[in-house]
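The next part holds the structures, each set out as structure tokens.
What follows is a pair of complexes built around chain A, which joins chain B in one and chain C in the other.
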Partner chain A sequence: MNMINMKDFLKGSGFIQPIWVFVIVITVFFSFMSEYFLSIGNLGNILVQTSTIGLIALGMTFVMINGNIDLSVGAVLGLAASLSVGLQDYGITIAVIAALASGLVLGAINGLIVWKTGVNAFIVTLGAMIGVRGLIFVYTEEQSFYATNFAFSDFGAASIGPFPVLALIFLVCTLVMHLVLKKTGHGRNTFAVGGNPEAALDAGIRIGRHMMINFIIVGFFAALAGVLLATQMGAATPNLGRDYELWTITAVVLGGTKLTGGFGSITGTLGGVLAIGILRNGMNLMQVPAFYVLVILGLILISVLIIDQRLNVHASKGVSI
Partner chain B sequence: MASIEQGKQAILLNKKYKEGLLNFLSAQGILVFFLICMFAFSLFSEQFLSQSNIMTVVRQASIIGIIAVGVTIVIIGGNLDLSVGSMLSFSTVLVVDLHDKIGPAGAIVLMFVLTLMIGAVNGLLIGFMRLNSLIVTLAMLSAVQGLVLIYSGGKNVDIANQSDTWFAIFGRGYVLGIAVPVILFAVLAIIVQVGMSYTSYGRRIFAVGGNPAAAVYSGIRRNWCVFSTYLISAFCVACAALVLGSRVMGSQNNVGQGYELLVLAGIILGGTSLLGGAGSVWKTIIGVLILGFIQNGLLLLGYPYYTQWLVTWVIIILAVWLDLANKRKRLFTTHS
Partner chain C sequence: MSTTAISRNPRHSADSPSPVLSLINITKKFPGVIALNKVSFDVRAGEVHALLGENGAGKSTLMKVLAGKHQPNGGQIFLAGEKKFFENPKQAKKSGIVLIHQEQSLVPEMSVAENIFLGSLPLKWGNRVDWKKLHADSTEILKRLKCTFSSRDMVSNLSIAKKQMVEIARALVFTPRIVVFDEPTASLTDHEKPVLYDIIRNLQKQGVGIVYISHRMDEIFHLSQRISVLRDGEYNGTLNTADTSEDEVTKLMIGRTLKLDHASKPREFKENMLELRSLTVKGVFEDISFNVRKGEIVGMYGLVGAGRSEVAETIFGLRQPSAGEILLDGKVESIRSTHDAVARGIALVPEDRKDKGLILGMNCRDNMTLSALGSVSSMGFMKTSEEKVVYDKYQRAMKIKTPSWRQKVGNLSGGNQQKIVIGKWLHTHPKLLILDEPTRGIDVGSKAEIHGLIKELARSGYAVLVISSEMPEVLGVSNRIIAMYEGRVTAEFDGDAVSEDKLVQAITGQYVTETSGPAHSASA
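Let's look at the complex of A and B:
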């Protein structure tokens, strides 16, 4: 492999994305370090553990390719989890529908504000992150809810054959969102708006609507992740989902999506999510304290940023002193 | 004829006066809003405007305020700092834990040195290596939180003998009837505000944040400027940790969690643009105090503490929106 190919490969323009090489390397590493790592049961575990952050990351990828960011996903997740458990007196179906609807509505509100007022998405969703957490506390009155209907928590532990249902839901959603991004007009326009909003506007793309649709998508996935997390625990606490926005953004950035918009992929995001999940799971199996994972993730994130910058140095070279 | 001229002049003068008033309202809108809030709360609660209550609010707001002063400089320089929350945990745990081991003076010095070193790492990565500040400080947020947990082993720390240590003065002391945290906040804010307004250093930071390329062509050492903003931010965090550690005389591992967002909320509310090149410490103080007084006012009116988060949601977006609408002379964007 000569130098140019190597560069193309690391830039992610080749067939395999660099994050997947990383995923393969740590998989091999942990399978040597722990005999339990490569068992079917543990791989299913990893997928279930990552499904929460993974589902949100799918939506976040769309929003970030679009050139925006959503900091409110953790709070939306918490609200949906509380609603899906707290409304079970009206039946599980209604509770779950209400929870998912709350995600759609909050996403739509965020998107509408970003579209109509022109306020930076970072500020809009920072406000929503604080405010939606307030909504959770108003609704729950600081109480944790427990699911009394076991059909709800059984769903979180169910599996079809050897495959856990939650993992299957995550994988199916990943496939669907990959196709939406690659094969539909909305996906193409999302790239166009993120790459150059003014050019997209001149080309007749309705940039506001695409932004709003993407915020609705991420709101829906955050709510879905909240409901599924609640089924796993059979309960919901008002502080559920704090810091999830940080983990999600970390996963998406690891997967190669640019914060500036216009570049990214669902396959990369899947790699980023799996990298975090495998690191956590593998280090748990090696009995490394969970604290070290935080440091290692921070270091990996900075390394990815440095490698990315060194490779794209000609594209982004400004004046330097 | 004379009367017509006079009339014209009167109309012009009137117009000028009106425009001046509108300009004042749009430039100082947040201050006007602040005064209206204070007035409204004072109607419903007698204690609200009492001297003791005002001092309590300012004292409560001073920790967030001290950090916000530093982060404002980073933002004016065109970058973000999300790592201040974790750094606050780090510094507070460090100073409280070392207090009993090597004495208060040593603990304070060591805490300042180590906190400034974290700031220097931020500054190196963002100033000299030109990495995206949002992601770098996000990574540092996670890494520094991990360091705190590794250092403390997941246990909370506290100071054994709380009654006779002079360390208490930073959080609990009073000088001339004013709480020390408030004095520290005021002194820091004045120094930084004067530095930003009246020195060439301040002008350089504004230039770097406003147009980095132009700043570099004017001979400003951009990398050093950005680097220095992160040192200032770290220094402010260390001061806040001094106050927090001394007031509580103990610390949880994640005591600073979420502070970065409260700080940002105060800065945005004050009207400092996240794009860099504009803003002031003065505005940030107003923003932080508004959040403090709204929290206090809602509590005095008997609402639970979390209602302030809903109010914060609305006013942050409203404040930025109205500012934007004023600039483009239109309430809504026109694109579809």
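Let's look at the complex of A and C:
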């Protein structure tokens, strides 16, 4: 009896998701290992550092719950960053708007192709990942761009009181996307389409449109992350955003979203994003060499998923091999 | 329940050789359903024993128990006098029991030979595949089956019938003791059937016991020595083929004195809600014409594969007609998508509720409101309190048994799941309700409830089309019955007056229209 309750508790059918248990555990651990860890400054740091992956992960959560995936986010981020810096001769506003628009358009194209052709999103966005990275090189001619307007780079370092602006933007977006997923018809249909596309279709849901909207959402957030990253660095390099799709997917999966679709939450994703951020930051403070950090992150990802699968064994009963 | 079992015990048919396989008092329960209730069945060496029953009677379940896919909750299996318990299909296979499936289990991207020897590829030293032997052995087996294709052909390039042959070839790799054919001719052409019959006779000569599941009487009488009948998960008797007639078998299948409650059927019909005029989807069904009036229940009866579900899918916008018209409320409508269909007041409760009707990982409430989110939201935001009101309304009206609305529908019994699907559609306030096999896999009690519900809905003005392959269901709820056979309407009957024999004839293509039913103007 106790076992079952424990399992329910860990499965998150109670009020706390497993990833948050993990976040709390590592927070406590690092606060003992380093006195600096729990300082407001460092916590703000973690949030700023994670905001890039975090913003993309918000959109990725929608796409993955929907049963798709988007591998092109890293490239989209890179292109938006380059545009937001490279177009500053036309004014910051226009540069930023163009950068964000590029994300919306690329997301829409991904979504449209997946919707209309039925080709697997993995393949479509894999192509987009390569192609968009190519576009960056075409546009930048392999040059890095540096922001000439200080207002742009100041924004990246700005804070309201003790809170960094970038961290606040991330938290507000998180709250908004949480509400969209939980409270809107689009959010509900996103779950339905990912959970059982045939049943969703039979229920009269326009599954293609919801897929496309979600690709646009993730495209937008990738572009937003790109712009904000550029403000942090005051520059954009053509290779910016490489591997970010993998970190994003890692964070989302850690947060309990299923690759097969139909399950997931923004709160879980926030936990996943923070878990990665805290581990990196904490190990940094402990002066663990960077290469080992990667090894440990990889091991943790796999372990968490194994535990998750064990907890859900009951759900998948009947599929015995 | 088992009081009548003694007189029908198959082992009482005295003067016969002892069976090579005996299933005794097999019981299999699934959550909420007893699929098999103390069923006994045996097969003698060199015999073809036909197994008959309506859809859902338990034939497939029984065979899955035999093949080790399901483990029985009670009863025993004896193979050649030895007691067996198969924990998995591999053990059954090792004991010489081979199941040839309806749904095929081939690897499409592999060659015929690799598929035949899948899991038992001949090897030479170094764990390398002995391709020469593989193809030589496969060719040998294919020759025995008189197959014209090569062992090197890719399975994905073969026709369905040829794939079926590969399945059969697989069974011949080992010397099987029992071979189960589950509707083997469903995908074969008339030209290919005799080859199958030859194979079966060959196996018989080698002393193999054959279980033959089929709906087609002519095949069964052609091949089998004995016929056993299952009904509603219970054993219902065994007949010697030589001493019986199609009529007798049919009676045994339908058997029960149907307590048809014609009185409770709806009686007030208004104008046409749905009218089909020569609706055709090329290669699927042809020239389908009938109508459903408001307040009326029309039953669509036929075997699996007769094209019934496809007609429903076309009305619901999942398929596009290649000819003919769909009229709703007297107006010709073009329905391009399910969204169109829902907007026009059509609801389809699909045949396979788990695959098509429900999002199993979602809770009861969310499934219930899925088709009409607009009604419980404003400005795109859900109003969960209103959703709850909607859910409570249908939960009470249909007596859905669940601990709470938070329960995932995957955990409910079949009957309650079906009620959720129906509730979901009622909430869209449809004018035409199509139910495809509304009570498949649902226990008897819930069946009656759902039948009652369907009648009540019709009385309150819905036009209802019920698709079913269960005769008592069709007879029990329909005002009119449309019979389909191989993509055509073969007859239209009065639901209160038609005899069971006529219905069976109509869906097996033996019925010659004598009434005004849309004649099958077969263009040979």
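Quick note on the criterion: the second predicted complex is superposed on the first by the 314 of 321 C-alpha atoms of A that agree within 3 Å, B and C clash if a C-alpha of one lies under 4 Å from a C-alpha of the other, contacts with A are read in each partner's own complex, and residues count from 1 in each chain.
The rule we apply is simple: contacts are C-beta pairs under 8 Å (C-beta built on N, C-alpha and C of every residue); 3 or more make two chains touch, one makes a residue touch a chain.
Here the structure is a predicted model, which is why all the values come from computation and not from measurement.
Asks: Please indicate which partner A:246 is in contact with in the superposed arrangement: first for chain B, second for chain C, both, or neither.
Replies: first
Asks: Looking at chain A, does chain C or chain B touch more of its residues?
Replies: Of chain B and chain C, B contacts more residues of chain A.
Asks: After lining up the shared chain so the two structures overlap, which partner does A:183 touch, if you call chain B first and chain C second: first, second, both or neither?
Replies: In the superposed model, A:183 contacts chain C only, not chain B.
Asks: Applying the document's definition of touch, where does A:262 land relative to chain B and chain C: first, second, both, or neither?
Replies: After superposition on chain A, A:262 lies in contact with chain C alone.
Asks: Mind working out whether A:291 is in touch with chain B, chain C, both or neither, as first, second, both or neither?
Replies: first
Asks: In the superposed arrangement, does A:199 touch chain B (first), chain C (second), both or neither?
Replies: In the superposed model, A:199 contacts chain C only, not chain B.
Asks: Where does A:191 make contact in the superposed view: on chain B (first), on chain C (second), on both, or on neither?
Replies: second
Asks: Between chain B (first) and chain C (second), which does A:134 come into contact with in this model arrangement: first, second, both, or neither?
Replies: So A:134 only meets chain B here.
Asks: In the superposed arrangement, does A:16 touch chain B (first), chain C (second), both or neither?
Replies: Neither chain B nor chain C is touched by A:16.
Asks: Is A:172 in contact with chain B, with chain C, with both, or with neither (first, second, both, neither)?
Replies: Neither chain B nor chain C is touched by A:172.
Asks: Both chain B and chain C touch chain A; at which residues?
Replies: Dual-contact residues (chain A): 201, 206, 320.
Asks: Hey, which residues of chain B end up touching chain A in the complex?
Replies: 125, 129-132, 134-136, 138-147, 149-150, 154, 212-213, 216-217, 220-223, 257-258, 261, 264-265, 268, 274, 304, 306-310, 312-314, 316-317, 320-321, 324-325, 328, 332-333, 335-336
Asks: Mind pulling up the chain A residues that touch chain B in the complex?
Replies: Of all residues in chain A, those touching chain B are 113, 115-120, 122-124, 126-135, 137-138, 142, 201, 206-209, 242-243, 246, 249-250, 253, 259, 289-299, 301-302, 305-306, 309, 318-321.
Asks: Quick one: in the complex, what on chain A touches chain C?
Replies: That would be residues 183-189, 191-192, 195-196, 198-206, 262-263, 315, 320 of chain A.
Asks: List the residues on chain C that touch chain A in their complex, please.
Replies: So the residues of chain C in touch with chain A come to 88, 316, 318, 337-339, 341-343, 348, 350, 355-362, 366, 370-371, 373-374, 377, 380-382, 384, 410, 424, 428.
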